[in-house]
Amino acid sequence: MRVLRAYVAVVDRCNWAIGRVVMFGLFALMGILLWSSISKTFFVPSLWTLEMAQFVMVAYFILGGPYAMQMGSNVRMDLIYGALSPRRKALMDVLTVGFLIFYLGVLLWGGIESTIYSFSFGGERSSSAWRPYLWPIKVTICIGVTLMLLQALSELAKDVLYLATGEPVRHEDEAPGSQALGEKDGGEKERGDAL
Amino acid sequence: MPYELIAILMFSTMMLMLFTGQRVFAAIGFVAVIAAILLWGERGGYDIGFSAIIKVMRWYPLLTLPMFVFMGYVLSESKIADDLYRMFHVWTGGMPGGLAMGTIGLMVLISAMNGLSVAGMAIGATIALPELLKRNYDKLMVTGVIQAGSSLGILVPPSVVLVLYAMIARQPVGQLWLAGAIPGLMMAALFIVYIAIRCRLNPKLGPTLSLEERDQITRAEKMRLLRAGLLPVGIFAVMMVPFVNGWTSLVESSAVGAIAAFLAAVAKRRMTWAVFETSVRQTLGITCMFMWIITAALAFGAVFDGLGAVRAIDDLFTDKLGLNPWVILILMQLSFILMGTFLDDTAMLVIVAPLYVPLVGALGFDLVWYGVLYTITCQIAYMTPPFGYNLFLMRAMAPPEIKLGDIYRSIIPFVFIMILALALVMIFPQIALWLPAQVYGL
Amino acid sequence: APAIVRAQSPIRWRFQTYAGAALGEQVTKPIIDYINAASNGEMEVELYYADQIVPTGELFQALQRGTIDGVHSDDDSMASPTPLRVFGGYFPFATKHILDVPVLFNQYGLAEIWDEEYSKVGVKWLSAAGQDPCNFNTTKEITSVADLEGLRLYTFPTAGRFLSRFGVVPVNIPYEDAEVAVQTGELDGMAWSGITEDYTVGWADVTDYFLTNNISGAWIGSFFVNQERWAELPDHLKQLVMAAIEAGHTYRNQWYWGGEARLRATGDKLALRTVPAAEWAEVENAAKEFWNEIAQEGEVHERIVSIFREYNETINQAGPPYTF
């Protein structure tokens, strides 16, 4: 249990911090697109803006993914799930989080293969006139998916902890009407923040 | 095993897994990679899964998504839309159900500023809804009003859904946007008529503002509030004028719109740190939700495509069954509505649209017109349980007295109105096609 | 007996082409149909269009790993990890006519180089063929070289590198998105094809002008197969696949050759514009410098550039019709 708690604490805090930084990547994206229109109107259009914006966008949602997961942003179909008690929800999640872990694992595997490829044959470059090397974005995706995987395991750990001890670890674990819990593990847990 | 059977198996497994309540992207992605591995070996699995991220990266209109989401949150969190709401409030409050009708008007204006339904939803649920409940409006009716009204965001231009449709159907975005305008206004009018009739029959559903309250508002105040309408007009102009003139591209325009909304909030001194932080954080949350689902759905779509499911269904409809084109079209819309209750529009777009759009084209229907039908179906999908974005947003944002059951029940009449609108546009294609024909001189 | 042959389960290939559905109908599908019909049930090749299974950028890896069994593409846009990358597609002013390509491959030794280089990276190269020239179709009028300045064009990577010398901003997006990108203002047009393709895929509907000057006379596109899948194929089916590809080349040659003439002469969607030949020579001269630079990039590059030079000297001596 202690190990699980420590794992949750470390992973959640780490992903929380990364997410808090990455969420401002929005302004990097905005800046690039703004520069793109300014340069087009007043000077010669830039070669790199659209592709750079695409890289930033991918980094934004892949690296920010774990924090979004902490916030409970990933929607669930809750026709049945929504009616379950917190305990049953936790039980259900323990049973089904394997789907998530498996999917992320396969993504990571593909990411690693593609990243290795991006380093071989003298370095894979994008098919654009700008021709950036592709390994930086592929490495970023691999890191992001790894963090997602760690976060998914942390979610599993939280459910196991809750089922084992009966103590709520997240806000959603509480029975309706019970006392709100502090930010025990650094993540923000308000359901109201979910969307 | 025949491919058709595998396709059906994939689809039903995904449905089953969605019902377990696991995160939607995980359910879709899992089925996609498992199917790819079973069919094409482990290499197929990881290639399909990962390359979907690259597809997402290269699908440039998705860049507009965080921009529109951010804009929506800035407009609602900073409460700069408050004046807009008050404008409708004082002008329409005197009629039975007037505030609800005014809310529809508010939603139309917000829809003209934003390409998604998030902005309308956020403003509706946080500004209009509490106000309406305080005035003793019927909670079922107003909950439905906000969900249905905000879904106009994807039909009234600008619309991200229509851009994504344009890319799949390869139809002109400009024409599609214009085609959505009149059906959007028509649907808003239908909502208003519905509210008027219900409140005429039962005035308790939408009480008028009291005389004292109305007297408090001077004529000068009323005129002053009209100026609030300048904000959406201004933001619409800042986005659309450079776009239409070719000075900015679509994605650049969305960034310009987001910056304009942000600056408007700063100018009105409403951009506090808390507002800023919430908007930035929520934008990350919503964007991640959308992008992860699209990533998983693209992988699913690639496997589905790889099975030749598209060809099998085309074959079934046209050759084997030999149905009349209109019967096929109506069947397709019905199946779309049915699937829309379970899937979100992004998943529908990448999984189902590539299946149906070529068929619609092959049957000889106009694909611009069909884009409008498609979008109205998405609007329905947004609100229908068990799965819909407006549904989730409503649940997350609504005040505590609105229960889940209320939210589910509230949409019923509006779904029927949307189906009516769908039927009208089907029977009278000119509702959609007249405006683009005028502008483009077709 | 045929019955016994049919009783075995067919060899299935997943084949992805660079082209979207409308163009693929002409440039790739006839070959796939030929194989499926002529193999008497021994092969079943399923055709997928641009980006359908994997995005073009990941195509080569997917082919190496066997996620996809066959590919029709040029070396350039599929990001081939070989030195051939810059030459497949539109290498500026390397060819003048569609038949130059098979001649270069079969009579001047490019086929051996291609075969050798792809063997090194684990992919079986089968055949290359010419297609249409690389003209410009744009929303803005081009009547002089200066008009290229600032144009955002959808084009091939190497062609884009070359054109950026004239202020063109090359934009790289998925093939199927290009048409809408003109409408959303991401693009001012394409430097991608001849006029046949502009009309076939719908680009003629979204752009207004067609520039009759080109930067290359014919596209070089190839057919590739995963090495293991090719090795597994019995000899008679290998023959069949090659025959199908050759038949496809013949069909395509005619389709493009006739289409370019007919649509320039009678097409009503694109207005023709021409930069005077004397001025366009500036672009041709820039290509010579570009060739020199590319030749210095490596030994294989040098060999190929010298073959292009040799061939061009020959046709220049021969004169028209080889030089228009």
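Residue numbering begins at 1 within each chain, and the chains themselves are lettered A, B and C in the order written.
FYI, contacts are C-beta pairs under 8 Å (C-beta built on N, C-alpha and C of every residue); 3 or more make two chains touch, one makes a residue touch a chain.
As the structure is a computational prediction, the values presented were derived from the model and not from experiment.
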Most centrally placed chain - per-chain CA mean versus overall CA mean: B
B-C or A-B - the one linked by more C-beta pairs in contact: A-B
For subunit B paired with subunit C, centre-to-centre distance based on mean C-alpha positions, whole Å: 40
Approximate Å spacing (C-alpha centroids) for the pair subunit A, subunit B: 24
Residues of subunit B touching at least two other chains: 47-48, 51, 58, 60, 248-249, 251-252
In subunit A, residues with contacts to at least two other chains: 40, 50, 113-114
For subunit C, residues that touch 2 or more chains besides their own: 57-58, 61, 65, 173, 186
Residue ranges of subunit A in contact with subunit B within the complex: 19, 22-24, 26, 29-30, 33-34, 36-37, 40-41, 50, 53-55, 57-58, 60-62, 64-65, 67-69, 71, 73-82, 84, 89, 92-93, 95-97, 99-100, 102-103, 106-107, 109-111, 113-114, 137, 141, 191-195
In the complex with subunit C, residue positions of subunit B that touch it: 40-41, 43-44, 47-48, 51, 54-55, 58-61, 163, 166-167, 170-174, 243, 246, 248-252, 302, 305-306, 308, 358
Touching residues (chain side subunit B, partner subunit A) in the complex: 17-27, 29-30, 32-34, 37, 45-51, 53, 56-58, 60, 62-63, 66-67, 70, 242, 247-249, 251-252, 254-256, 258-259, 280-289, 291-293, 296, 342, 344, 385-387, 389, 392-393, 396-397, 404
Residue numbers on subunit C that touch subunit A, as the complex places them: 56-58, 61, 65, 76-77, 79, 81-82, 121, 149-150, 152, 157, 160-161, 163-164, 167, 169-173, 186
Contact set on subunit C toward subunit B in their complex: 14, 21, 46, 48, 51-55, 57-58, 61-62, 65-67, 173-174, 176-177, 179-181, 183-186, 202, 205-206
